[in-house]
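Scrolling down, you'll hit the structures one after another.
In what follows, chain A forms one complex with chain B and a second complex with chain C.
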Partner chain A sequence: MLQLVVGQLLNGVIVGTLYAIIALGVTLTFGITGIVNFALGAFMMLGAYFTWYLTDGLHVPYPLAVPLAVAAIALLGLVVDQVLFRFTRNNLINGLIVSIGLISVIVAFVLMVWSTTPQNMEYVLPGVFRIGGVIVPKMKAVVFVVLLVVILATYAALTRTWAGRAAYAFAQNPEAAALMGVRTKVLQAGVAAYSTALAGLGGALYASLYSITPEIGGSYILKGVEAAILAGIGSVMGSFAGGIIIGVAEGVGSIFLPSAYNDAYGLVFLVLILLFKPAGLFGRSS
Partner chain B sequence: MECHIDADMVLTYRENRETHGEAMKITTRRLQHFALSLALAASSAAAFAQGVVKIGEIEAQTGALNTYGWMGSQGMRMAVDEINKAGGFQVAGKSYKLELLNPDTQGNPQQALIQLKKMLEEDKVRFVFGPFLTNVYKGIEGYARQHSKDFLLMGGATQIHYELGKPGNEYLIRTWNWDAGASGFGTQMVDYLKKKGAKKVAMLMQNDAFGHVAADIYREAFKAAGIEFKENWFEPATKDYSAVLAKISADKPDYLFPGYTDAVLYDIVQQATQLGLTKFWLVRGSLGPALKNKDYIDDYIAYIPKYFEEAEKNEPKVKKFIDAYKAFYKKDFPYDQAPLCSSSCYDHVFMLVEAMKKAGTVDDVAKVKQALLSFTYEGLWNVRYDKTGEEVINFDIVDVTKGGKITVNHQQPK
Partner chain C sequence: MKWLLLWIPLALVPAAVSNNVVLTVLIFTFILGILGVSFNLIFGFTGQLSLFHAAAFGLSAYATYLSMAHWGVSFWIGMATGVVFVTLISIVIGTICFRFKLKELYFAIVTLAFSELARLVILNWTSFTNGSLGINFTLTPTLWLPGRGVVPVAGTTMWYYLSLIAVALAVAFYSRILHSWMGRTFAAIRLNDALADTLGINVFRYKLICFIAGNAGAAVAGSLYAFYISYIDPHYFSVDQSLAIIAMALLGGREYVAAPIVGAFVLTALPHVINVNAEVRILIYGLILILSILLMPRGIVGSLVRRRRAA
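On to the complex of A and B.
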């Protein structure tokens, strides 16, 4: 039993980083543009399809396919931001409507091009690590390390670079930030593109672990938003912790409780935390 | 078709006669033209004598749920085209052609209902194929029952199985074989597993309507076969099965009976092999997951209505169908989707035509249904319907072992 619990703790942490990368995109977009971009799940799905197509269709090596797919998604995110989301800044409802419409367009595009047939990328790194009876697939370990590095690098960039501090300043007081010389439009567009790039990265890594279908974005954006709320929207490291809490709750919960309802276990955590800390684990009450 | 007689030719003929009062001078070319016109006129008359039987289809050809409707619609178009190009068919001395009305439901029950209403009320269709999806069937069921004596609905939906034979459901025929019962493919699949020496099977199934139907069927089938059966469930949108698979692995089953769609099977098979579960037995889903993980599995037993890759080499009708598909659609043959042509597809159109011939009518649906239930059609499959109106077909149990070695076991239910 101990092996089972430890195995699922590890697995929950790894799966949780996938939720965390989406949560990070959600929290950054919300902090800077004032909208919750539900289309990040669709961008994640698109990142997975691009990566699969580059590796299995065009035979691009996976380590090269990932940055190519992420760059393509970032560019797409920038275009979409300038064409659509630019007009919804700080308007939650309009942003929500545009993002929902965008999900339909992206999903329809994928259905049209690649159909509903599940796609499966050739294994990038088969095999498992066995640590004292606990089994961890090698690729999952790699995905965890890559996502952890990206999340930590994002945190470092936000706290230790001028652009990062400008973003924080803008999130706290847009007018003051503009008066201090922050190019707000460039900052907003940059953060929107970076958030979609994070979602694209999540998708690119996801494709190496699981089969892909046009619907995968739906459940991941929900988990991402769930993790962001659990942490308290606006907290970068909180998003990371939120993703991991949900991943671990699902994994360990499935051992002791019926696995048929494992999506609910993360939600139970969310409700419990919001009951006692309405601003989320790392959020500050206004 | 249009009757065409050259007016210039007639006028020239008259002018020549009236002006010159001598024998007509008609060129050879004009004589040929005249003969051709007469032939066209004659064929037009024949065409008017040929009737048209409209058949409908309500299936999801696109959209997220098109997996089970797409192949049926592909095969149905081919069958109608082949029948019509061969000159149609004769029923009670009259020649008929088929007209196919096959709008795309996109898996949407409301769309399907609108389409069915149009078919029955405006187009006067009496034979409708589909749907394969139970949610779509539930959407049209109430309306269809109101017209139970006016048409035949020939679909593969699971729910139709439970409706067959009930009063007011005379319109129903189920074009997909059922798991349980003496003729059920599931019963023979369980027998096959028993022969392989399995003592304990762990099911890991979607926690949805069909998942529970499957559990109800196979709980009984395994009990009857003396095989221990453990049930495990997962959320339909799950992608990571590590936790539940780790639990199952600790229980050491002989075989894992995973979900019912490829969308989940690829992930389950991959993740299960990582945890040491290497033997699989499934009643729905393709061989794709086995072939992708061929170096990690020990055994993968799957129900496949027809293993086309092998049948193409041994069955001339299958080879002809595959060649015809490539010529008709000008694209590669979908080997992975083709087994689904065992429901409301190519054979079923030919079978309906045979039934109309036997019944001597294209209008009396009761007689046509009676005829449909009276014979076996030998097409891509040997198709017959049992007394309740449910399809019984021959099928394959395909066994894939380590390294990708495939053994095909042909089954012919009694």
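On to the complex of A and C.
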């Protein structure tokens, strides 16, 4: 029993980092452009398909396929931001609806090119680690480490570099930031592209672990938004914690309840948090 | 008053057109039109992006069928059961959301969360709902007609008049609300709910009334839709359904009560006019959402009316 719980706990942490990478994108986009981009889930799904196509279709080695896919997604994110989201800045409802529309466009594209059949990438890194009686597949450990490094690097970049501090300043007061020499248009476009790149990275790593279907984006963006709100939207390490909390709740919860209800934990947490601590778990209440 | 005249040609359509495809498209337009019109009360007129509308539609479809199948009641009692059920759930969800003053994104996300919970329950309560396979059934609504007694609603013409009357009643109901002082209250809440509050408007109460009244319309649409196609499944709750609802309201126009019916017509007629498969239809829905927000924020009706005023 203990092994099972610990195993599910670890599993939950790893899935949780995947939620966290989406949550990070949601939080960054929201902080800098004032919109919640629901299409990040669709970009993640697209990243998974690109990676799968590059490795299994074009036989590009996986470590090279991931950066290629991420770069392609980042470029797409930049284009979409300049063509669509630039016109909905700070209009939350319009941005939400445009991003929902964008999901349909991306899903329709994937359905036309790759159909609904689930795709399974060949194993990149077979084998498992055994710690005590607990089994962790090597690839899952790699995914966890990569995502953790990216999240920490993002945090460091935001707090330690000029561009990161500019982003913080802009989130607090756009006009003052502009007066201090922050090139706000470039900053917004850059953050939007970076957020989609994060989602693309999540997808590229996801592809090495699970089957890819056009539906994965929907469930991941929901968890990502939940994680971002759970911790208090706008906080980088908070979205990390939020993702882990939801992942662990699902992992441990599936021992006791049918896994069909897995999607419900995040929703229940979210409703409770919004009702009793609307600034988020780690947010200061205003 | 001149808007009333528009219903007359619609009532004459079955006499002039015997083409079943045209009538079927119009039946779907009317039933989904109720859905769009009721959504627009919450979204367009009161400014709350509710993502619970598809769930209200689906829950009522299930409640109507299940109450008829288990209690042996007539369709109309079944529909009333659906409406009452959805109303009770709306009171609970609305109270939670509005008591805690959830707005914009937070309101959208929490209503989406409840809608997903409803879908999960319907999907997994297999003994009651038959899960993802859904239920095919043969029950039909019955009507009392003068001279013919109680007859089942069957055939395109009868469904045409039933759905036309239903959508006309829905439009009348919602425009009655919106043209009263309550409509102005809703507008005040949409424009600035903090200001509305300081002016002495009970924001909580009117947001709740609006949410309930809107979802009740979705419930009626759900019952009719389920019995027109004689089939219910969890797709009633799907994201595509929510998308279609938002698309109807945006495409038709947010500023006019009946405008979402125009949106519903375009969306139902489109797949028949140009023969497209499911993927292309999803693509078109998406493009409609994006383009109507960016290029035509007032919708078809709004743009036409403004053009006529300008000329």
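To be clear about the criterion, the second predicted complex is superposed on the first by the 279 of 286 C-alpha atoms of A that agree within 3 Å, B and C clash if a C-alpha of one lies under 4 Å from a C-alpha of the other, contacts with A are read in each partner's own complex, and residues count from 1 in each chain.
As a working rule, contacts are C-beta pairs under 8 Å (C-beta built on N, C-alpha and C of every residue); 3 or more make two chains touch, one makes a residue touch a chain.
Treat the numbers as computed from the prediction; the structure is a model and nothing was measured.
After overlaying the two complexes on the shared chain, residue contacts for A:145 are found with neither chain B nor chain C. In the superposed pair of complexes, A:79 makes contact with neither chain B nor chain C. After overlaying the two complexes on the shared chain, residue contacts for A:111 are found with chain B and with chain C alike. After overlaying the two complexes on the shared chain, residue contacts for A:271 are found with chain C alone; chain B is out of touch.
In the overlay built on the shared chain, the residue A:120 is in contact with chain B alone; chain C does not reach it.
In the overlay built on the shared chain, the residue A:261 is in contact with chain B and with chain C. Looking at the shared chain after the overlay, A:250 reaches chain B, while chain C stays out of its contact range. Chain A residues 111, 218, 258, 260-261, 263 lie at the interface with chain B in one structure and with chain C in the other.
Taken in their complex, chain A has these residues touching chain B: 4, 7-8, 11, 15, 111, 115-118, 120, 126, 128, 135, 137, 209-211, 213-216, 218-219, 250-252, 254-255, 258-263. Looking at the complex, you find that chain A touches chain C at residues 36, 84, 87-88, 92-94, 96-98, 100-105, 107-109, 111-112, 218, 222, 225-226, 229, 258, 260-261, 263-264, 267-268, 270-271, 274-275, 278.
Across the complex, chain C meets chain A through its residues 49, 96, 100, 102, 104-106, 108-110, 112-114, 116-117, 120, 123-124, 239, 243, 246, 250, 278-280, 282-283, 285-290, 293-294, 297.
Touching chain A in their complex are the following residues of chain B: 62-67, 207, 232-235, 237-240, 242-244, 246-247, 250, 262-263, 266-267, 271, 274-275, 288, 292, 296, 336.
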